[in-house]
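Structure first, then comments.
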Amino acid sequence: MTVPDLTPDEKMEQFRPQEPLGPRIIRWVVGIAIVVPFIWAVIGLEISPERIWRAPSEIWVLLSGMFPPDFDDSGRIVAKLLESIYIAWIGTMMGAVFSFPLSFMAATNVAPRWMTIPTRAFLSAIRAFPELILAVILIVPFGLGPFTGALAIGLHSIGTLGKLSSEVIEGVDDGPIEAIRSAGGTLPLQMRYGIIPQAMPTIVAYWLYRFEINIRASAVLGLVGAGGIGADIVARLHFRADWPKAGAALLATIGVVLVIDAVSSSIRRRIITGQPSTSMLSKGMIAITGAGRPPSTELGA
Amino acid sequence: MTLFAPETQVRPVEPTRAVRYVLPLGIGIAATGIVGWVGPVGPLWGILVGLVTFGVFFWADITKHWIDAVILVVAGILGLSFFDWVLAARTGPVDFKLSLIAAIGWLIYGAATGFVVYRHRPGYRAGIIGFQALAWGGGATLALFTATTMGVLAPLNVRQIDAGEIQALTIGLFVVTGLAASGIGLGANVSFATRLPSLFAGGLVLVLTVMAYNEIQFSTAAIATQLTRVGEIVDDFWPPVWKWPKSVGQPETFNIVQPFIETFQIAIVGATIGNIFALPLAFYASRMTAPSNLAYRIAKGLLNVTRTIPDLVWGILFATAVGFGNPFAGALAMIMFSLTIMAKLLSETVDAIDIGPLEAGRASGATHTQVIQYAAFPQVRPNYVAYALYIFELNIRASVVIGFVGAGGIGRLLNERRNFFQWDQVMAIVIVIFVSVLLIEWLSIWARRKLV
Amino acid sequence: MGFIDFTNTSVTYPGGLVALKDVTLSIEEGEFVVVVGLSGAGKSTMLRAINGLVPVAGSVLVDGREVVGASQSELRAVRSDVGMIFQTFNLVNRSRVVNNALMGRLSKIPRWRSLLGLWPAEDKEIALQSLERVDIVEKAYIRASDLSGGQQQRVGIARALAQEPKIILADEPVASLDPVTSHMVMRDLQRINRELGITTLINLHFLDLARQYGKRLIGLNDGLVVFDGDIADVNDEVFRGIYGRAITPDDLLNEK
């Protein structure tokens, strides 16, 4: 050891503390709280080393069966994908339209307690049902089809969007509201000029974000007969001969979701920051059309 | 009272607001659709559409020159005659390919509208012509394809309908196509000319909503009718039945318990393994900690692609691979589900860490892994724990439904009871799911609050 | 041949900025060298050329090992003998003080041990001793973020010492500290150099600190070495040569 002995008097002054036990105990408790349930779950699911060992080759069989994908019935894939998009779109619209007033009713800085508490309970109740379960229930009155899927997604979106939007409303700066109140503004005026200008960009961004999530949800609703591409993917996976077609449907879904994600997130960034988007997409568009350049003659000027 | 101001101040011109163009645009879009009633007379339709567009351009101060009217009318005659001809000459159904070919007519017309904007709005490149062509053509393709494959005009593709019906449907087709193409196309024209992107967005939203509303056969009437018979529906579901025989002749038992436990086990395995395996991926997918640019791009690309796959699709894939009804498939699906979410959330957190300690670690001769483990990870540890709890919550929600695709858990039972139309038993399962999801959510919120 | 040899050393950053231009000099074992210059003159770059943290061309020999063109593992071997101290301390704020000091041992223990967090007792001992060396051991089990600036810098020094280094590079170690703690940290560094014989290079902005603690002074201006000699030979004329202007109170710590 090259850190040499210290001079004696220095050594006398220094006091080496004991390593505290608290963090160690917490570490052990957390470790046990993770490891024990994990082992219980692994045993319960009968996951054996042999199964794990076999899984990669089984997955490889499936993957190699799906590729190269077979795009023969691309017309049907496009139709079903469009249906998924439409389901997600209507679902998001429903969610946005109905959650908007509800979010004000759930915000503690706008609504009185007797209103916020039941509204919140309602929102978290409908949020607790996954879309698929909602679809299963809604199929009973509304029958099979994309309409049911849109309703299921819409209902669930009301729950999630209502919660997120009410949090945004609660987070706005009080100053402008106070200013309006002191100028004699009523509650509707406070909302219109004090809250909405502050909260709206974030809320709209949440709508778009929800649309991205709903696209994924609507892609699987077909499983229970509620429209969209999901039913096709499942049906084609049942028979080995159809795997290349399943691969095509899967690839198309991934592609569409990627594109929608990219567009939506670049719009969201623009809404939130107020800055022109710097995504590849918008850069490309500006480069092609010249739309980003300042006009040499301003309209009406 | 007068507030006085020094005379040197210059009042700026109020910037143009999108609201000003909404009315002309709306009337223009509606008119383009309505003139579709002239029926399958392409040239006449083209003249009318060209004049309507010119009217909108005139009203929106884009052009007042007669030459532009001529350009638009000529392009309208050319484009819409082509559209009409393709549809009239078809021998098969209106499929995607045919929709694309027919939409070339609108593409030509869109290019002409783009040219007019290009002529009158300095600062734009010629590329705007292509952009406009795509907007009009895209709107037409969308309308043509969706309306004829799944929407109100789908009977067009059925052979056994009489000529009069075909005539009526074709007119409908023209109206729908005109509305969709001009909704997106005219929106884009005015949006470009005025530099107000919200007009384009508004047109797109309008067209998408109308199409979607039609194509999924959204029906407020159905909602109203079903609301009147809520009593009957409730009768089906209520009261919930908690016990039933496993198969004919066997005693009634609580069959929910075992699959319910299995659901939890799937969620636990998925969250634990997924959260651990997400760690290296998350650090590779952040520019701060990636070992090289190549590794960063690969990890980021992998994450972007896997993130598009919904939880249930993972379930289907793994169920197909390792066997239907196998909870192991559910666990694998939940691993992938957790892994992708955690890696994304964590890599975005890593993007914001302090780079100093990393440099200190590198300067002391530590390996890349050591630097990540000792200088980067401690900085994001609290976030990691909070995300892990959140992901466990998501896992419970997701593993509830994963059984629908044959990947084990309570979803499998729900699907089975549903297929037997045992709605009162379904209700019991739904109540269990509802309560456990709520409980887990509260628990997770409580635990995260404790941590902070 | 000295302990550290720069031979026609240049550093060009990816953006094209040439931060160090054709430097040739040699530093003997056990020397205490102060590097001064305006910000942007290449001080930090010069230190980072020694442990290969910047893209360096020419030749840098550290204890007989070439840094230029070295492989990752060769570089790690060089760096493990070179302790570094930073202006912003660069501690892991959320980690405990002793864990920060232990980071200096990372290059000395087997990788599987570091992966599992199983520190050998002797490495823990070395980390604690380094903390004792800078008088901060009583804070060993406290989070680094709970310390004052001066205390944090001492932990930074302890981390470097825990490497049992042959060379210490200190990049503006007192720029974020108040005058009193600045002197304490400088005295610590001086003591370490004298008692342990560790070759020390320090970047400084303040001229009076350089004069007070330095032995040899290297002056940099725009990537070029414009002075290299005994600190006793340094006068106002030399400073003007380095800084391109007369000394102002801003350049002196004690005037602040």
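Read from first to last, the chains carry the letters A, B and C; within each, the first residue is number 1.
Following the convention adopted for this analysis, a residue touches a chain if its C-beta (ideal position, glycine included) is under 8 Å from a C-beta of that chain, and two chains touch if they have at least 3 such contacts.
As the structure is a prediction and not an experimental result, all values here were calculated from the model.
Chain contacts here are complete: no pair of chains fails to touch.
Summed over C-beta pairs in contact, the chain pair with the top total is A-B. Core chain by CA centroid proximity to the global CA centroid: A.
Spacing of chain B relative to chain C, judged by their CA centroids, is 54 angstrom. Centre to centre, using the average C-alpha position, chain A and chain C are separated by 47 Å. Spacing of chain A relative to chain B, judged by their CA centroids, is 11 angstrom.
Residues of chain C found to touch two or more other chains are absent. Looking at chain A, no residue sits in touch with two or more other chains.
By the touch rule above, chain A contacts chain C in their complex via residues 1-4, 6, 10-11, 14-17, 19-20. If you check the complex, the residues on chain B that touch chain A are 13, 16, 61, 95-97, 121-125, 127-128, 130-131, 142, 145-146, 149-150, 192, 194-195, 201, 208-209, 211-213, 215-219, 222-223, 226, 229, 233, 236-237, 261-262, 264-266, 268-269, 272, 304-305, 307-313, 316-318, 320-322, 327-328, 331-332, 397-398, 400-401, 404-405, 408, 411, 414-415, 418, 423, 426, 430, 433-434, 437-438, 441. Partner chain A is touched in their complex by these residues of chain C: 98, 122, 125-126, 128-130, 132-133, 135, 137-138, 140-141, 161, 164, 195-196. Note for the complex: chain C touches chain B at residues 51, 53, 75-84, 86, 88-95, 99, 102-104, 106-107, 111, 114-115, 156, 159-160, 163, 169.
On the side of chain B, the complex with chain C involves touching residues 354, 356-357, 359-367, 369-370, 373-375, 378-379, 381-382.
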